[in-house]
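Next come two complexes, and both contain subunit A; in the first it sits with subunit B, in the second with subunit C.
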Partner chain A sequence: MGIVVFFLAAAAAIATAVAVVAQRNPFVSALALLGNLVSLAVLMLLLEAQFVAIAQIIVYAGAVMVMFLFVIAYVGPRGEVGPGERKPWQVWLAILAGTLIAIEVIVVTYGATFEDWAEIDGNYGSPAAIGQELVTNYLLAFEVVSVILFMGAVAGVIFGTGGRPRRLSNDEVLAKETESAELRRREASRAVLDATRESMGEGS
Partner chain B sequence: MGVSLNFFLGLSAILFSVGLVGVLLRRSPLTILLSLEIMLNSVNLTLVAFSREVGGSDGQVFALIVMGIAAAEVVVGLGLVVAMTRREMVLDTDELRTLNG
Partner chain C sequence: MVDGVIATIIKAFLLINVLMVFFAFMTWVERKLIGRFQARYGPNRVGPYGLMQPIADLGKMLQKENMIPDGARPKLYLFAPWIAMACALGAFGLMPFGNVATLPFTDYTFHLYIADTSVSLLVVAAIGSLGFYGLMIGGWASSSKYALLGGMRAIAQLVSYEVAFTLAVIGVIIQASSLSFVTISNAQDNLWYFIPQILGFLVFFVAAVAESNRPPFDLTEADGEVVAGYHTEYGGMRYAMFAAAEFVNAITLSALGAVLFFGGPSGPYLPGPLWMLIKIGAFLFVLIWIRATLPRVRFDQLMKLGWKVLLPVATLNLLITAAVVAYR
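Here is the complex of A and B:
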């Protein structure tokens, strides 16, 4: 039973990961990543880490992916840069690097012999057990994460709303000045025209 | 459970290298961020698998903290993408070479 679930979830995870990398449209990529996260959550449930699996779904598939989809919708079609725009040798070198790292890790871990899975009780991986660890042994890391999240929120606000506007180049400044000079000239001549028309109207 | 730890580590290695290829290959900053998420998640899977192997909660706490850091990283990355869009820059990492040596 466990082995069937493992291979189904593993196949789904690999297929969706490849889809994320290969898709041209970032919206489809983000949806594929959603599938990847859900299949990884299934694998974590198989490892009896219930709390981490649920946090994965709520935090990643819920919050982070919604933020991703929002920004992808905001950016629109400008976000599309296809995978076909690399030079072929770069593509092959990247795939070679990825394959070599995968083969290296698989060879190393295949040769290693691990002990059997540890005996666990029903409390393993429950929110109570994880929360206990978080506020006792790992309190410092917990607090540091909260500070980092706060810094991330501040950075997001500054990047997203503030910042100096784009500096214009000399040509653009020149173009803008001639444009406004032209406008002012046109306005002045129109005023003169109106005035003469008015005076002529009064005269007749 | 009929699955051994080696299967989880192998799957994690495959996912990590797929994410790595994505980071190296793609030019859209949005897709690079999505590929980074794949790499972070494959490492999370390794942490949870080892945690199950030794029967302690430490690996799971580590995985939760990695999730928190990943969320902060995504906020900063997406903030940069939004700022680039507001300044009408091209969303292409090959075009951003002001700091190129």
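Here is the complex of A and C:
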């Protein structure tokens, strides 16, 4: 059962990963990325990491990808996107990166066997176990991440509101109000003048 | 799978069918109640008391032409209602209807829930957030301004209220120190959580109404503004699937409210499933009542309520709960 699910999820992960770069439509690409994230979550479930799998779906599928799709649907192109300009150094960089990843995978998996399984108990990967680790062994990292997230939230607010507004002094507020009142008065008298002229013009 | 593969498949099959029949019945109840609230009769022509109305509606929906609008992306357009429907049904699968029961006239015992994982609550949240994609893809693939705007509204609303919703629920999680529905509902044998978690419950309820896109927060399909929102271009069975997904979501959130704040399937005299049905029914009645009573809010009011009222209140509730639990 587990092995069947593994191969299905692995095949889905590869297929959707290819689709992310092969698709010409950004919206469909983003959906393929979503499929990829969900297949990875299934693989994590097979590794008894229930909490991480669900967190992956909630955080990436439920929040991050929603934002991607939101932006693409609102301001992105609706149709297919052309191939664009391909620079030669990009090709070489891609080949280099791909080779490095392939080497890494080979180094990590070389000599690995299915002989010695890691023994885990049923509590492994449960929210309780992960919470325990977070507030004991990894407390510093946990707190640092919370500060980083908070900075992100503050930055979002600042960018969203277009910088911090300057606080005006009482005199400045008064001056502004008088100015706008004056403007409004002029506008009104001009409108009256125009209306009168128009009616005079019609009359003659 | 607590009872083995075959029993689980049977239970899932039963649950989905019972849920769909319950949904059909609730659409009749809703129309009847709305009628009564507005001093009308409501449906009363098809069958006794109009009870056959949902079946007549189904027949009508099935006969309608399935068309794909010009300029739409056919595959995504046809796929979107399935996402919405599958996620709505999937989230309900984790609701507990009791602990252990014995099949009548035999010795076969089984559990009154399909699965009990250590992360049940998060699974429901995750499946619910995947359900958003049905609305978004449907709105985008329809190639219609109103559908796109409706879909975007849905996403903005759901993402905003998910935050307050989750924070309100975390209070319960802290108090029960578990994410499993069975543990949470069993922990409320002495005292239902809506009493110590009254703030959390209020936030939960408002956010749940918004999450299920029900009036007064049905801005995604506000007919005066965006025609019918994300399902403007859908007709026949596909429209029905969107509508069913939305109502099933309301049922799921009612069940969630019953489990988290009202003890789930526990109660005196009556069996667990019946208590669960009564509690879900009570929630749905209040939802219908609200629909008949309150006018729709404006979009800026909706966002203000979500971010400036519910979020701080939920955070306050979380802080209080954490302090109380820590010093207990």
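Please note the rule applied: the second predicted complex is superposed on the first by the 126 of 204 C-alpha atoms of A that agree within 3 Å, B and C clash if a C-alpha of one lies under 4 Å from a C-alpha of the other, contacts with A are read in each partner's own complex, and residues count from 1 in each chain.
In this section, a contact is a pair of C-beta atoms (placed from the backbone, for glycine too) under 8 Å apart; a residue touches a chain by one contact, two chains touch by 3 or more.
What you see is a predicted model; the values in this text were computed from it and never measured.
Asks: Does subunit B (first) or subunit C (second) touch A:177, or do both, or does neither?
Replies: neither
Asks: Using the touch definition from the top, say if A:63 reaches subunit B (first), subunit C (second), both or neither.
Replies: So A:63 meets both subunit B and subunit C here.
Asks: Name the contact category of A:43: first (subunit B only), second (subunit C only), both, or neither.
Replies: Touch status of A:43: first partner only.
Asks: Just to be sure I read the superposition right, which of the two partners does A:160 touch: subunit B = first, subunit C = second, or both, or neither?
Replies: A:160 contacts subunit B only, not subunit C.
Asks: May I ask you to decide whether A:55 touches subunit B, subunit C, both, or neither, giving the answer as first, second, both or neither?
Replies: After superposing on A, A:55 lies in contact with both subunit B and subunit C.
Asks: Based on the superposed arrangement, let me know which partner A:74 touches: subunit B (first), subunit C (second), both, or neither?
Replies: It touches subunit B and subunit C both.
Asks: Classify the contacts of A:130 with the two partner chains as first (subunit B alone), second (subunit C alone), both, or neither.
Replies: A:130 sits against subunit B, while subunit C stays out of touch.
Asks: In this superposition, which partner touches a larger number of subunit A residues, subunit B or subunit C?
Replies: Residues of subunit A touched, subunit B against subunit C: more for B.
Asks: Of the two partner chains, subunit B (first) and subunit C (second), which one does A:187 touch, if any: first, second, both, or neither?
Replies: Neither partner.
Asks: So, does A:97 touch the first partner subunit B, the second partner subunit C, both, or neither?
Replies: First partner only, subunit B.
Asks: Would you please give the residues of subunit A that touch subunit B in one complex and also touch subunit C in the other complex?
Replies: Shared contact residues on subunit A (touching subunit B in one complex, subunit C in the other): 51, 55, 63, 74, 78.
Asks: Touching subunit A in the complex: which residues of subunit C?
Replies: 76, 117-119, 122-123, 125-126, 129-130, 132-133, 136-137, 139-140, 143, 148, 151-152, 155-156, 159, 162, 179
Asks: Tell me, which parts of subunit A touch subunit B in their complex?
Replies: Residues in contact with subunit B: 1-3, 6, 10, 13-14, 17-18, 20-21, 23, 26, 29-30, 33, 36-37, 40, 43-44, 46-49, 51-52, 55-56, 59-60, 63-64, 67-68, 71-72, 74-75, 78-81, 83, 85-86, 90-91, 94-95, 97-99, 101-102, 105-106, 109-110, 112, 114-115, 117-120, 124-125, 129-130, 132-134, 137-138, 141-142, 145, 148-149, 151-153, 155-160, 163, 165-166.
Asks: In their shared complex, at which residues does subunit A touch subunit C?
Replies: Within the complex, subunit A contacts subunit C at residues 27-28, 31, 34, 38, 50-51, 54-55, 57-58, 61-63, 66, 69-70, 73-74, 78, 126-128.
Asks: Would you pull the subunit B residues touching subunit A in the complex into a rising list?
Replies: For this pair, the touching residues of subunit B are 1-22, 24-28, 30-31, 33-35, 37-38, 41, 44-45, 48-49, 51-55, 57-58, 60-61, 63-65, 67-76, 78-83, 85, 87-88, 90-92.
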